[in-house]
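When the chains are written out, they are named A, B, C, D, E and F in that same order, and each has its own residue count from 1.
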Amino acid sequence: MKKVEAIIRKSKFDEVKKALHAIEVNFLSYWDVTGVGNEKQGHVYRGISYSTTDIQRRYLVIVVSDDFLERTIETLTKTASTGNVGDGKIFVSEITEAYRIRTGESGHAGIN
Amino acid sequence: MKKVEAIIRKSKFDEVKKALHAIEVNFLSYWDVTGVGNEKQGHVYRGISYSTTDIQRRYLVIVVSDDFLERTIETLTKTASTGNVGDGKIFVSEITEAYRIRTGESGHAGIN
Amino acid sequence: MKKVEAIIRKSKFDEVKKALHAIEVNFLSYWDVTGVGNEKQGHVYRGISYSTTDIQRRYLVIVVSDDFLERTIETLTKTASTGNVGDGKIFVSEITEAYRIRTGESGHAGIN
Amino acid sequence: MEAGLFTANNVWMMMCTALVFFMHLGFSFLEIGLTRQKNTVNILFKNVFIICVGLLLYYIGGFNLMYPGFEDIDAGFFKFAGFGIAAPENGMTPEYADGGYTWWTDFLFQGMFAATAATIVSGAVAERVKLGGFMIFTLAYVGLVYPIVGSWQWGGGFLSSLAYGEAEGFYDFAGSTLVHSVGGWAALIAIYLLGARKGKFDENGKPRAIPGHNLPLAAAGVLILWLGWFGFNGGSVLSADPAGTSLVLVTTCLAAAAGGVSAFITSTIMYKNYDLTMFLNGILGGLVGITAGADLMSPNEAVIIGLFAGVIIVLGVALIDKLKLDDPVGAVAVHLICGIWGTLAVGIFGAKAGIDQLLVQLAGIGAAATFCSITGFAILFTIKKTVGLRVSEEEEVEGLDIHEHGMDAYADFRMNQH
Amino acid sequence: MEAGLFTANNVWMMMCTALVFFMHLGFSFLEIGLTRQKNTVNILFKNVFIICVGLLLYYIGGFNLMYPGFEDIDAGFFKFAGFGIAAPENGMTPEYADGGYTWWTDFLFQGMFAATAATIVSGAVAERVKLGGFMIFTLAYVGLVYPIVGSWQWGGGFLSSLAYGEAEGFYDFAGSTLVHSVGGWAALIAIYLLGARKGKFDENGKPRAIPGHNLPLAAAGVLILWLGWFGFNGGSVLSADPAGTSLVLVTTCLAAAAGGVSAFITSTIMYKNYDLTMFLNGILGGLVGITAGADLMSPNEAVIIGLFAGVIIVLGVALIDKLKLDDPVGAVAVHLICGIWGTLAVGIFGAKAGIDQLLVQLAGIGAAATFCSITGFAILFTIKKTVGLRVSEEEEVEGLDIHEHGMDAYADFRMNQH
Amino acid sequence: MEAGLFTANNVWMMMCTALVFFMHLGFSFLEIGLTRQKNTVNILFKNVFIICVGLLLYYIGGFNLMYPGFEDIDAGFFKFAGFGIAAPENGMTPEYADGGYTWWTDFLFQGMFAATAATIVSGAVAERVKLGGFMIFTLAYVGLVYPIVGSWQWGGGFLSSLAYGEAEGFYDFAGSTLVHSVGGWAALIAIYLLGARKGKFDENGKPRAIPGHNLPLAAAGVLILWLGWFGFNGGSVLSADPAGTSLVLVTTCLAAAAGGVSAFITSTIMYKNYDLTMFLNGILGGLVGITAGADLMSPNEAVIIGLFAGVIIVLGVALIDKLKLDDPVGAVAVHLICGIWGTLAVGIFGAKAGIDQLLVQLAGIGAAATFCSITGFAILFTIKKTVGLRVSEEEEVEGLDIHEHGMDAYADFRMNQH
């Protein structure tokens, strides 16, 4: 099993969710984070203009079985990108075990 | 060392925390996330009923030493479940190293 | 590649960010979490004093290449500590692969 | 009477009506500010419901139940002057009410008061009461109990002529008892029947804090209520009489300020911390405390009444906790305990002070207590045994907003789904 | 006329002016409450702009366009009395306006109304309209269209003398048509030209919910608007006449309460859920509905008008959705549909009821509809083809706050960067 | 004088009193809106404290210090008429104050003004001032400095009779100098003594933005303040004189609108962005600017004064930044700089314009500046050296709410612990 962590633009979220759904990745958790990266955003407040590299992003955690990994990555890179700096990153790591709380089942049953 | 990530119902949190405390797991970090899964929630807004699979959940990160892993999982599956769809998941992964910022100590001392 | 997860005091964040910048770690994501640990905070509400171990913390995720790991840890332990209980923890784990969404590149190019 | 005076009087009374109406926003803000986010829509719904239904009930029958025109000879307990409202022949002339206001103004000013009794209860039962049950309670309590008690005094009933020794009748200028305690008794009974919110007391019965979710709105609520009290007390002069109204505003504001400061000092001494919510409750305590005798007191007496009220609030909130009762907004301490204090203060300070008056005040408090407790209990107990008074545990934990309304108060704020 | 009466009248009118001014906070709160967080600064900006510019436009020329002094003989369509404002010689004496108010008060009271027309549109076009385009629209619509339509009736123009059979002229007490529908027509055209917000309708054209981000502020907005209506309708008596003003306040409040309750019941039956936003819109519907005839109705008739308005609101909101139009705050249902209902109600209920009056009311509605649609369309279409009416898709998705203002409404709330 | 006129006058003055009271909610909202979330409870506490204590201080001695009854012959600097308040014999009759209001109304109206001076300072020192120190400052400044300066002009002291050439005395209708600058000077000194918030200036001294956490409340605050100004200026006529009051409302509203629009345009040109907070500050600037001469100006002059004030605000905010001073809400630009502008405007525009008057105005400004600076510095410096003026760095970083109050403003909002 793999954990896919994707940091994407909030504005791309609906599209990404729909695309994941289309490849039958229906389970995920997400929250909003602040990302520090290449992109800069201009702000003004009471006459002081400032630009910040701290930008609102959405953080997605999707745990998938190994055979789903490739298409998940593909879907993410395709639908979440706009081509502009700031589109975000995907990180993949190993999950040792997964459990479904409702039933206590583990393994593949634990992830969807 | 293992990282235990648990996605649970917010309403179960107090119980879970107390139960973890009882088995001497006193250290954790948590935040609120939105979960996409099997459970659906009915909403109405200005006459439009809609149901969403996006539901508020609480995300817990607990790093434990290997010998604490089993009882932690057990406690979580027992106390966080209601038996209804939507109880959440637990993911376990490997932690290479842990540090306590205050002292700079690493290893077991780094996690509690 | 390594994923560094640091749970720090919110009040130390600006300093930490600046110090990371100085060692050329310019990419990270962060959000606010509640931490349960050794530190206690006193509160009063309508005459009821209570203390809670649940304290606001900032959670940083920094994915770095292996050769950046050491200096990142060092910088974090140095700048984020106040010497008081509650300074937080750092967890390190393995990242299998990283992708930059904008270009689809993977590997080192995927993290900064 | 000259047209100018009549018109000026009526203008004042209409503005006071508007200010009393505005108090409902104050109550709403205070209540949602001191409670948890997950029950916010529910609380707003209850409050909007109370305003609308309270006014309609008063139009359907409440006004005629409260001002039924008791005969001079009897000491009335109950009389109903019929459904609907229709101005009497001279209702728009200075002959009506000595030119203090028109009959329409009279109806609307009193109607705005009516809903308040249920609003007080709303705060106390917040976060666990079933919406359906609460709506039924509102219909019965605002539609019947409030106007009946009101008729005893303001409608010219038996309390108003309850003479004893030198005292010439019960006195309650703007309703420390008739409005605030009437709401307060029902609040007390309701929280007793309902039980505490889950998590309010730990295994050992020690009270736990359940912080509210929006203190800026709570503070705004209290300032809006203070503003509303300009109309609540100022309008209770029932004309714009310059001397009377301006004295009332001075005593009202000084009591509010004194109540706030003394609650702040008391709670700082007791708890070693600057507690904003106690400061705010202290202001309300001062306001409720001065309400019964706002026209009888000198500025100095108003300050003293307020200072006591502030202390009472801090102790009262602690007492409610000690009794294992759960009152999220402090409604019982503010409206019931300070309501009683204010009513008694009429016998202790000011123009009517005297032991006879004090006894009559006690009698009035007792009469309201008895009637409100019995009817309040009867209504609430019946609801409890039939449609139910309290939401399910699951609903309480997950929040009433999602369960009863399918809606979040700050949907886009938290989930950012859109 | 005695000085006291003149002064009392003017005091009332000034207080009503203040209350109408305060409605702008109500509109702002309602609008931001029912929309998404990312567009909050933009909405506040628009509303503050409207208030300031509306008042200045009225000062520059609006007042003289609306009250140009048509000759008694002609049935005026258009006349302009010149730029700037200057009080006529007797403008500060009881001779002016029968002593109801001074000329300055007259200007300010009417000026506060003026901005309202654009505020109504602001709510409907929220979350996607370009700020620049909207500002231009405001200038043209508040500066020209609103005062011209107003002059037809309140300025003594042709509508006010449109007799037919027994009817002696179009009647619109405080502006169900002249204010609310005038805004409503432009809102309808604007949302048609703008198109729906991204995500409002799914692929199959089914409407989707886009929950607002702050229901406490939305509820506060409605209560503040209700308070403001004390001035809006109460001031439209144009003096403090005790009988007239107090009746108007009673009918206004009863219609509001009835509108709320009937919308609540209707939506609970239709959707099996207690919808706070419908309750709130129902109150506004009742208020708009009573506005045209607040001085003509008995309390019973006011309640009936309100009850209908509440039903209309629930159906109207659904209808707008069905037409694939997107009106985030329900402005069309509240201001246009209930505005029409209120105007017609003058022919059905109350002192002027009659088939002739009903036909004249229809004629007035039609005149306003024609003129506002044509001019509204012309203005908005021109803007669309030149500077543009709608923001880019990217800006819409990311929020107007960051793009047009470089600012977050709750910057420190969400990012906690500091 | 007829009873109707006296009553109407007093009604107006009481309503104005209520509106000035309501300004405190406006100040609170503005201040918390433009500051960070972690200091919200602290700011609310300070503001509630100011209202309550300000009123009590005025009752204890402030009123008698401000209106001590200087003998006609002397040009008073200081006189104290004793502790407590008690109405003079004719205080409730039309003989008092030409029937403009009763003595009680007089006290309360003036008492509501008193607290304002400290509220202005509260905004400037927000997010870093020690609560204890600030409370001591409030006691001294509101209790002594404000009423003494006030007595020089409104109490009949030396400024009111400061004749020079054609000028017959200093003129400050509603307090551009006596209220706003008095607060503004202390604010300026306080932020100088306190130093900037951590993070306000970077290593190179370049100002950094510290966005506020709740712009909807900030905007609401400004609209509430504008509403309050109806009473602040309208009530300063000291009767309901129809011509006087209605002119004052017109000039006040036009100056506010013009100030907003010109600040908006100026800041859009300077910073290429639609800055809501500048628009809001511009409105306040216009209001403060018109305050000294609201009764002397024509509408055109009011608009000009407002337009200048708007520009001044934008430049003033930038200037404060350039001086390395840190004023989170722009209090110095609004209250001090525009207060001076408004006071000077009396010598430039309107009924009293003239070089002599301008010089007298300058003298008045100078007198207030000298006295307020010296006393303000003395008080604040003493506090700094004793109990301390600024919180610890740790407390500043973590927020005053947790440290001084042990409470979060939106506890349940952020942590969702319950």
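One rule holds in what follows: contacts are C-beta pairs under 8 Å (C-beta built on N, C-alpha and C of every residue); 3 or more make two chains touch, one makes a residue touch a chain.
As the structure is a prediction and not an experimental result, all values here were calculated from the model.
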| item | value |
| --- | --- |
| Pair joined by the larger number of C-beta contacts - C-D, C-F | C-D |
| Subunit F against subunit D, contact positions shared by both copies (same if over half, else different) | different |
| Rounded Å distance, subunit B centre to subunit C centre (Cα mean) | 19 |
| Between subunit A and subunit E, centroid-to-centroid distance (C-alpha), Å | 44 |
| Whole-Å gap separating subunit B and subunit F, where each centre is the average of the chain's CA atoms | 51 |
| Interface hub residues of subunit C, defined as touching at least two other chains | 10, 31-32, 34, 43-45, 49, 93-94 |
| Residue list for subunit F, restricted to those that touch at least two other chains | 2-8, 11, 15, 199, 210-211, 214, 273, 275, 277, 405-407, 411, 416 |
| Of all residues in subunit A, those that touch subunit E in their complex | 10-11, 14, 32, 34, 41-45, 49, 52, 54, 56 |
| Contacting residues of subunit C [partner subunit A, same complex] | 3, 17, 26-31, 61, 63, 93-104, 110-111 |
| Contact footprint of subunit D on subunit C as seen in their complex | 43-50 |
| Residues of subunit E touching subunit A in the complex | 199, 394, 397-398, 402, 405-407, 411, 414-415, 417 |
| Contact set on subunit F toward subunit D in their complex | 2-8, 10-11, 14-15, 17-18, 21-22, 24-25, 28-29, 32, 40-41, 44-45, 47-49, 51-53, 55-56, 59, 84-85, 92, 101-105, 107-108, 111, 131, 214, 217, 404-413, 416, 418 |
